[in-house]
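Naming follows writing order (A, B, C and D), and every chain is counted from residue 1.
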Amino acid sequence: MQAQLQTAVIGPTGYTGYELLKILFRHPRVKTPLLFVREGSEKTGEIGDVFPQLNGTGHVPMEPFSWSRAHQAGVDLLFLATPHEFSREFVPEAIRRGFRIVDLSGAWRLRCANNVAVYKFEDKDPATAKQLAEEAAYGLPELHKSDIAHAQLVANPGCYPTSIILALAPLMTAGLIDPDRGVFCDSKSGVSGAGKSPKQETHFVEVADNFRAYNPTTHRHRGEMLEQLKLEAEQLVFTPHLLPIPRGMFSTIYVQLREPMNAGRVEQVLRKFYDGKPFVRVFAPKLPEVAWSMNTNYCDLGFALSKDGRKLTLFSTIDNLVKGASGQAVQNMNVMYGFDEREGLQ
Amino acid sequence: MQAQLQTAVIGPTGYTGYELLKILFRHPRVKTPLLFVREGSEKTGEIGDVFPQLNGTGHVPMEPFSWSRAHQAGVDLLFLATPHEFSREFVPEAIRRGFRIVDLSGAWRLRCANNVAVYKFEDKDPATAKQLAEEAAYGLPELHKSDIAHAQLVANPGCYPTSIILALAPLMTAGLIDPDRGVFCDSKSGVSGAGKSPKQETHFVEVADNFRAYNPTTHRHRGEMLEQLKLEAEQLVFTPHLLPIPRGMFSTIYVQLREPMNAGRVEQVLRKFYDGKPFVRVFAPKLPEVAWSMNTNYCDLGFALSKDGRKLTLFSTIDNLVKGASGQAVQNMNVMYGFDEREGLQ
Amino acid sequence: MQAQLQTAVIGPTGYTGYELLKILFRHPRVKTPLLFVREGSEKTGEIGDVFPQLNGTGHVPMEPFSWSRAHQAGVDLLFLATPHEFSREFVPEAIRRGFRIVDLSGAWRLRCANNVAVYKFEDKDPATAKQLAEEAAYGLPELHKSDIAHAQLVANPGCYPTSIILALAPLMTAGLIDPDRGVFCDSKSGVSGAGKSPKQETHFVEVADNFRAYNPTTHRHRGEMLEQLKLEAEQLVFTPHLLPIPRGMFSTIYVQLREPMNAGRVEQVLRKFYDGKPFVRVFAPKLPEVAWSMNTNYCDLGFALSKDGRKLTLFSTIDNLVKGASGQAVQNMNVMYGFDEREGLQ
Amino acid sequence: MQAQLQTAVIGPTGYTGYELLKILFRHPRVKTPLLFVREGSEKTGEIGDVFPQLNGTGHVPMEPFSWSRAHQAGVDLLFLATPHEFSREFVPEAIRRGFRIVDLSGAWRLRCANNVAVYKFEDKDPATAKQLAEEAAYGLPELHKSDIAHAQLVANPGCYPTSIILALAPLMTAGLIDPDRGVFCDSKSGVSGAGKSPKQETHFVEVADNFRAYNPTTHRHRGEMLEQLKLEAEQLVFTPHLLPIPRGMFSTIYVQLREPMNAGRVEQVLRKFYDGKPFVRVFAPKLPEVAWSMNTNYCDLGFALSKDGRKLTLFSTIDNLVKGASGQAVQNMNVMYGFDEREGLQ
């Protein structure tokens, strides 16, 4: 038996925290994670009191976070399932103390000041923050595996960007798409993407039998798409919608090609790009469905091409809590520590 | 054209308020109702800002409640879609001022002190409160039509009691059921029954794909069933459950008969009891479904009988927001003012 | 009391038939409709046996269709809620016999042979069929009110085209949109749009918690959009998706403007176009939600504009069974007979 | 590495087949199972064509069943996810040929001729069938572990009986319940319990936003409850209902106690009975929710007691496809082969 990794999860009581625990509890290469709560904001006690469905997996206490406890327990890797603002303030000190980090918040995903601005962070030490943001690896292993392997800080991508970037990357990087004709991303997300805190707009009666768009021009996740896909702001239109399902995400993406292509060629580009990458499945000529990637770490892709071969519609589905959050966080951990990328995720 | 009634709704911004408005706006015998909000607790403005789906029905303002405004506008009837505590305090003064009232809260449904106790009211004038509770009509028109017709104060029943009392009344009043062998009421309610305020337990992600029981021995609605059906506390077991649907209620009720009966006789008792009562439909030998009474003021009934003719299962469905609340409130108004009981409700 | 219209519904047992009956039963200008079933394909008996929720509205029998029965009963107007093929064969004879018709099927919506071809009709008398298709009014009253008023045959639009054409018409007819840059229509429909016959893909377990696209380049409703909006086939990309809700439709439409506009100007164009048209509500700057138009005949519109004022996203919601089918059919009847357009629909 | 078991699944294309494959594919003690289809009734090809979500787990072909192929491949254990009638005819020959069998159908669950009669089997060799039914182990490991360990044929229980028997067994076997006062079982099941074939009553539009009872006095699963709990037919009232969720089951069970008990004592009886049995969790004093056992092999229990300590309400939840079918089938396999009961199930 190899030595096992000691991880800790800060903020285990939300939906991404829960998914992360489910994966870590059965991961063969990690010990039972330490569960840390932020002072004053979360209850201590047994995790089984927060998530009764975890009963039967043994007693796992939640404790207030302290550096000394983290050091003493020999924590190697910190997962942050915390608010953006907390992560932005917490990470510089954690880096100084030598911890490796996978941050599930949006705190370190962006480099361009203009994009970061939407979060309205008030950094105590702006220079350090800027430098950290530049050094952080963007945790999409299909695009940045070697950066992630060596990073001390991995910024786990947002759920919308994960579904959209993975769909567009193969044809964008091959220069086959003409972004000047517009990149229109129509995304639909399950409700868990809005978090666990009860709000009027996540009340069952408001969501069930309903469907709506929100934040059509201003969603925070735009910046990640722009930076990762090297798009100009005016080229990208991104509209998130709320699906009346607990989890799952579907993106329909409309682009125009520089030269007419046929379906076989498009399929080939997609398949080649993801050859050897275990968590992207190309379903063409079938179209993927949200249910197929539910409770998995897969991103499933498909497409449709107009008769004239110029207008391409890409389809992309993920489970927003797994590949869109906690599954990808563990995939990043696997890459950081040289484990098989699939470990704990199948 | 006859003179029309001037009504006012206090507390129009919840789910029962909304249903009430939808009915009153199309009711041929009432003017556009005045909409009053409680001080400090609800927003003023247009009702169309709270319920955008009401746009197109004209501008209806919400105003802070004041006695002078109610008198000046010539209000005949007040509908209270307000918290129990508010109604308990508000009604004595409204009665003194001569208004007739349909109270959708639980403030005046109960007479037995022991049952009332669950609400923990702190009456300023307990004697008046006791007397008012005794004079109030229990607003189930199928049982108390003539009381309601003459009442100044009508206590609109709870949703669970409506579905359960209407199912049991025909056989109970005929003395055919043996309550000593237990009256087991297994009720399932749509989520709107829990109100509009967002809570963790009404978050879409917590309710969807889920089902659970709650308050199995202590639900406040027990008292209404005991009083209306003349049951002893130990005879009644009532278990409410939360259904993952926005609205609708289904009660399955298990009782034992004093003497064996056959299905034809049971059907006859039900049909005879509700003959001429337009809002109870007996579906036997079919079993009613929640969808059939959805968005209607019907209570739909069915039953199943064990082979030996001793164990009877009754099925009862209503829309918890209509027959279980606002539709019944309007039915009560129709009875109070001598309109056809069905007016505005079909 | 004015003379009332005698209508008949052929094919009343599907979802659109049911919605149509609910409206006609309460419509003040029509008698109880005759209900005709197609020979061999639907059951006769009481409509209350097919839709138990209609019990309590009186006994309405379903009878096999015959011309003599229709003539003898003095039928003025026939509603066809029948398969496309049946309507295509039935209508020429009905026209010869002098009946006015609102056909809810797709049989007569299209004029361009190329578009009609997707239905694979085998017309016995192609010349007559061609002429009828040219004479038929396209039953979108917001665009063709005077044609409809005088038409003997009204082709009720498809649900997807209704939601999309109403959103695009104001800016398209004003020449503000550049269709050469692409018109991308991303539509999401409730499951009732797929009809009442049980299929694997409408099984509850396959639909619940799921979301998927279907027929992305080939859906039959494309032709209506092309003809009504005067678009070239290569300009239009239309992707229908299946929403896990029983009814309701949401279209998100991406276009580019010829000249930059500001939001106020876009709103003005929309509002002006629909001024005096009671069934289109412009919600801007709010975004409409599916729930707001549910169970109504409204089409609700909203939009979002990119910062540079060039990329416009339109949002459009309808109830696919009401404005997308049976409500619009009754709206057409109202126009054909000079009734107030809103009669029976509020 | 120990030798691994070779299993085969006959009938892998339904919902229980799919769940079984998901578990067997990750079970450490079994090889990839052979997938057999019944002649003429199911398609051959890749299982990934039937369940696209299984793509990525390797190519697994489905082949027509033949005895020679089963022998040649060295199959140890046959899982039957087939119709009752098929299993009833198939099993005698399989037994003769020496295969061990876990039958997920209802073919061999019952011993009493009266109970078996509901299936209307036409046995070619009634004597053998009767004997096999007597020798078959009833596959509820919490009650019959040692029988299962030695059985050649294990009859996997129905989903409703699993949830109800596990709730009642502790107090029934202790003689604390008085069955003469009635055992009222109110069960609610997710739609996958009705199978994968599309029917009108499983159409999404018929199920969503709805709730209904069905087969209230005649459901086939009654016999299992009677035999396993040693109840007389007239003591048991069982009402199944259809929940608008894809999977999950909740049973609320009303009984009366011979002597008054307090809650602590009831909890103790439950906990003691299931001590050391890993797949039953006693949640008292909490009430279990369907979501907690979803996608797990747990049966979760809770209860409520009336004030007088005489009327007991038991709550029991399972995932109808896991503990109610395929998970329990694998649990039975684990017992049959001496593996840890939890292997592959956590």
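Here, a residue touches a chain if its C-beta (ideal position, glycine included) is under 8 Å from a C-beta of that chain, and two chains touch if they have at least 3 such contacts.
Predicted model, so just to flag it, every value in this text is computed and none were measured.
Most remote from chain C, judged by the distance between CA-atom centroids, is D. Between the interfaces A-C and A-B, more contacting C-beta pairs are found at A-C. Centroids of chain B and chain C (each the mean of its C-alpha atoms) stand 37 Å apart. Chain A and chain C have CA centres that are 40 Å apart.
Look at where the CA atoms of chain A average out and do the same for chain B: the two points lie 46 Å apart.
Within chain A, contacts with two or more other chains are made by residues 206, 208-209, 244-247, 288-289, 291, 294.
On chain C, the positions that touch chain D within their shared complex are 15, 191-192, 196, 198-200, 202-209, 244-247. Residues 181-182, 184, 186, 188, 206, 208-214, 216-217, 233-234, 237, 239, 241, 243-248, 250, 252, 254, 256, 287-291, 294, 304-308, 310-311, 313, 315 of chain B touch chain D in their complex.
Against chain C, in their complex, chain B makes its touches with residues 26, 52-53, 55-57, 208-209, 278, 281, 283, 286, 288-289, 291-296, 298, 346.
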